[in-house]
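Letters A, B and C mark the chains in the order given here, with residues in each chain numbered from 1 onward.
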Amino acid sequence: MKKTILILLILTLIFTTACWDMIELEDRLLPYTVAIDLSREDTEEADEKELFICFSYPNINALGKNPTQEDLTYIINSNADSIFEATSEISSRVHNPVFLKHLNVVVMSEEVFSNEKYVRQVLDGLKRDFIINKMIHLLVTKESAHELLLKKLESKRQETIEGLLSTLLLNEQKSTSFTPIRLNEFIQYMDHQRVAIVPLAIPEPEIALEGGGLFKDYEFIGYIEKEDNRNIAILTNKSNNEDIDIEYDGSKISLQLLEIKAKKKLVKNQEVLTIKYNVEMDAQIHQYIIDPSKKIDSTKVLDDIEKKASEVLKEDFATTLEKLQGELNADTLGILEYLYKFHPKIYKEVEGDWDSIFPYINIDLDVKVNIRRRGLSEY
Amino acid sequence: MLKNISKNIAANIQYIKEEFKGSDDLIIRNIEVGDILPIKLAVVFIDGLINSEYVAEYVIGSLLSEEELKSFTVEGYKTTILESIKEHGLYSTEIKDESQWEPIIDAILSGDTVLLIDNSPTGIIIGTRGGPGRSVGEPQTETVIRGPRDGFTETLKHNTTMVRRRIRDTRLNVRMHKVGRRSKTSVAVLYIDDIADEKLVNEVIKRIEDVDIDAILDSSMLENLIEDNYLSPFPQIENTERPDAVSASLYEGRVALLVDNSPFALLVPATIGTLMQSSEDYYTRWIEASLVRIFRIIGSFLIFLPGPLYVALTAYHPGLLPTKLIYFLAASRINVPFPAIIEAFLMETTMELIREAGTRISGPIGTTIGIVGGLIIGQAAVEAGIVSPLMIIIIAVSTIATFVLPSYDFSAGFRIVKFGFYILAGFLGLYGITIGMILLMGHFAKLNSFGIPYSSPYSGLGIDEGDIKDTLVKAPIQRLWLRPGFTHPKNIQRMRRDKKK
Amino acid sequence: MKDPKISNIQIRAILVSTIIGIGILSLPNQLATAMDKDGWIPIVLSGLLIIPMIIIINKIFEANPGKDFFMIGNETLGKFFFTIILIIYLTYYIAVCSYISRLLGELIKGFLLPETPIQLIVFLFILSSSYVAVSEINIIARVSYLIYPIVIGFGVLLFLVSLPGSDFTNILPVFQSDLSQLPEGMKVALFSFAGFEVLFFTIPFVEDNRRMTKTSISAIVIVTGLYLVLFLVTLTQFSIQQIKSDPFPLLMIAKLIDLPGFFLQNLDGLVMSIWVAVIFSTFTPLYYSSGKILSKLFKTKTHAIFILILVPVIYFIALRPKSIVELNTLMSSVVNYLSGVVVLIVPIILFVVGRIRGRNKQ
């Protein structure tokens, strides 16, 4: 009897008060991309400007078996201090509440990300929120971010349901012209090596991702080219598949690089801190030239090509390293992290003034290319 | 009410007529035997309950034609008439003396024939039960692809026979009880003496004796009366139509109850483990049987989880599904005017109606209802945009899953629980479902079947004995050298343990 | 058939699922705060420290065969002192229960039901536990065993799904932390082992007493292993600074899961609901124990009525703290101090006094 009374009590309790959280799926706005610019509205101090936040979300009326509308994507924007504030501001204008769980790309424009304060604010907002996915991708763009979204609308050909940007980011890449980074990874990099690269979105002539913006302690320090990005990716074991062209015997050879492995090692007992890089990879010849005189039929030829390729790569790497150690002074290779993990004693010595030590450390490169396959041709 | 029958046959006949005042189907056949000294005899039976050819030939026929009876003399008359009739006058196999009225009346009511003899204070009950009955046929509810095809009938005697044939062991006990003040239904308690746990047997017998009701029409009534927790949606007693399943259970140390007029035997104790077993498992190869067992367990979850999960995920936590899926789900729901919970209840109600209609009407109309209900209503509902296509798929899957469990009552339990889950999911989303799962688990843990934990072997009893080998999966028969431990059998060894693997 | 019996494997289940509970989500965070990357040292040390305690508890019952915790306590310590100890236990259990249910409410509200009032979430949880807690210990053991695979599966699942994205070099460097921080780390780790004192209420009902010590030690080993694995998984997923700044690193791991090829994404809700079951298996034995203590104090036959009385008590205490920050500082400090008494001091006192008395008798 007691039990029945209790059960009745619960049931009435539940039934008399409503279901608080029930919002039907089709009654939600489910944005997948958010673009963050600075507000156009004028304020006195540049630092206190509001953000101009722009969501793009799919039009579910245009999906499914019998679509009733054509436009795949809608865009809605708002002036607010944070993404969270923007959602509540927007919900006063649209009939559906905004639900951010499926947000998977954040694009920041230069005016936002070049200000450390905004970067920290935006990222904290994303991190603190219960709902937002911590695997959200970060992107930067030189132009205005919401125009990137608008531009995206025009190129309907490439539009997919999850949004062009996230598809581009998740695409299995043939070459590492950019390296996708997620919010969680970004924060982790900031903690581990203090430097992170956020891929750069280029709107013209077509939306593409190339290179990236370099952040150090949440502060923007400069852009890197896609070649640099590729080299960094190779040196940090992020890349598995690259294409390079080399000049050999007067013709071009296209090589596909596979199984790329880079190992770094501290060379002990040196005056200057010396890191030795051992980069080893397999290669496959993709294109040479039809010319019976130029056969790839002896190990010597292969050795020559390998040597040539190694040299080319080494040179490439050296240029990138020079840039990193020189003007950027950014340890994207994770050398500090490496020291912290494997040589804690040295780490403790250099930790304090790494910024002044990093430009002068000695990085030895040893590149080895092994050509395993030459394709379906004897020549 | 008289207790003993009198010596005067006329008085006896008068008494019987008085007792069966309203029964016009009572037949009293008066005969006289003996040329020298005629003896009045009365054969009493109820028309239709007896095997009339048998009575005519082996009772009345034999009495009238036996030479020994014709030549009675005065000396022998008083002392030996009863003996002579028993020894020489009856060709029938099953006879019993009886001088009390109550058993005699019971015997007449159960289809036996009673022979009353003038000047004798003792009547003879002759086993002549017969009358209409179904012949042994294939079980309707538990068909197998491979395995014996005989099923129980409504006749208790046939049913015990079918079990006996499979257990040719004197230790098989068949204890008869009468249940029902008016119906006086025979209930046979079957167990193997040196396997079944005494405590269990005594508990079963005690509960049967405690039953006080006027009539038992089917074993399911008895089941409800002796169950541990009759408020639970889940059955704590297993039922089967298959004699081979009963025999197998007896060999496992369980107790079987056969109820007259019911083709369903009851098996106790029942646990989640045993309710997921089907006798077919033992006739197919072990790998398939194991796979099927695992699918049954998955199926039992599929009965009650997909619908509530759909409600919880679409209405509460759209964040928990992959992005692509969620957009298409949203698109498929765009025209649905109801919230997911209403949509689900709508379809569930329709499905229950179709199911009920389909079971009540058998044959071609039943199939038509299935087609109309399943195909046309489903199709039309989606076309009309009242429900989303995914909802139809979910309802269909969970309905199919209900037929995967061998025990109908058990799957019906899950079906009932499903509505609770819908309510919880509709009000609290995933948290509600978790609370529901916790309560369900708690309920399973709290249930007992005749003192045996219902949740066995999944609740940590009997794992040592290897019950899991025959519940979660079905190990090869060579590996099942022990009886399951949950029944606490007196004799655990089932076969010689083979040393070589 | 009437007196409840528990099998050995059920004891293992009950121990594992009682110990692993509320602490598991925040353990990596607290350990990292205290010991940085060497947080695994306190886990191993506390595991090793708990094992003698387990043996002590077993010894107490071996010395007094056939008696339950209350009889032994009364005999060795005398009625007055033992009543005080029971009241400490009771306070501790009620505090822990309230802490657990409030934290659960906060997390459910945060992750799953942002608009639903926390009162309902907490109330429903306590109520559904009371459904099981009103029964005897053998039923609790069965429930624990049913949930046991979920508890283990919870750890294994987190480990497996985080494998693709983990960087095992993150565990390095080891032995770099300040050893003066060890007491702080030990305090955290020991608290995460609290709950094993449920043995006091279970051992008297065990079928096979001889293997009891072995079984309970194996349970501690399992728990230690699981804690270790989860701590290391957290390390491979995050930087140490992230772990320190994130109150519930394990939930974050669940949020990070993204295996599009496997159709697995956004598993945090699933993990949350599994975690509710894990918490339930911690909550129920404690709840049962507090009901049992009350019924002994008031000398009633069953404890069911006290379980129902405790529903509103736990509910109101749980909803006292204003915010989750206050909850953590207030409740966890109370709980931490009491747990020292309950977990370490009482068993030792019982053991030592029992020994001395036993010797005197001889």
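The rule is short, and it goes like this: a residue touches a chain if its C-beta (ideal position, glycine included) is under 8 Å from a C-beta of that chain, and two chains touch if they have at least 3 such contacts.
All values derive from a computational prediction rather than experimental measurement.
Given the two chain pairs A-B and B-C, which is bridged by the higher number of C-beta pairs in contact?
Of A-B and B-C, more C-beta pairs in contact link B-C.
What is the chain whose Cα centre is as far as it gets from that of chain A?
Following the centroid criterion, the farthest chain would be B.
Would you mind checking which chain's mean C-alpha position lies nearest the centre of all protein C-alpha atoms?
Looking at where each chain's C-alpha mean falls, the closest to the middle is C.
Distance-wise, how many Å sit between the C-alpha centres of chain A and chain C, to the nearest whole number?
Here the centre of chain C sits 41 Å away from the centre of chain A.
Quick check: how many Å separate the C-alpha centres of chain A and chain B?
A distance of 66 Å separates the two centres.
Could you give the separation in Å between the centres of chain B and chain C, each centre being the mean of its C-alpha atoms?
Centre separation, chain B to chain C: 45 Å.
Out of chain B, which residues touch more than one other chain, so two or more?
316, 319, 323, 428-429
In chain A, which residues are in touch with two or more of the other chains?
Counting only residues that touch two or more other chains, chain A contributes 14, 21, 101, 131, 133.
So which bits of chain C are touching at least two other chains?
113, 116, 120, 124, 260, 266 - these are the residues of chain C that touch more than one other chain.
Which residues of chain B touch chain C in their complex?
Residue list for chain B touching chain C: 199, 203, 316-317, 319-323, 428-431, 433-435, 437-439, 441-446, 451, 453, 455, 458-461, 463-464.
Inside the complex, what are the residues of chain B that reach chain A?
For chain B paired with chain A, touching residues are 314-316, 318-319, 323-324, 326-334, 336, 339-341, 423, 426-429.
What residues of chain C sit close enough to touch chain A in their complex?
110-111, 113-117, 120, 123-124, 127, 169-170, 172-173, 176, 238-242, 252, 255-256, 258, 260, 266, 308
Taking the complex as given, what residues does chain A use to touch chain B?
Residues 14, 19, 21-26, 28, 30, 32, 58, 60-61, 63-65, 67, 99, 101-102, 104, 131, 133, 161-162.
What does chain A use to touch chain C in their complex?
Going by the criterion above, the answer is residues 2, 6, 10, 13-14, 17, 20-21, 101, 130-131, 133-135, 170, 184, 187-188, 191-192, 340-342, 344.
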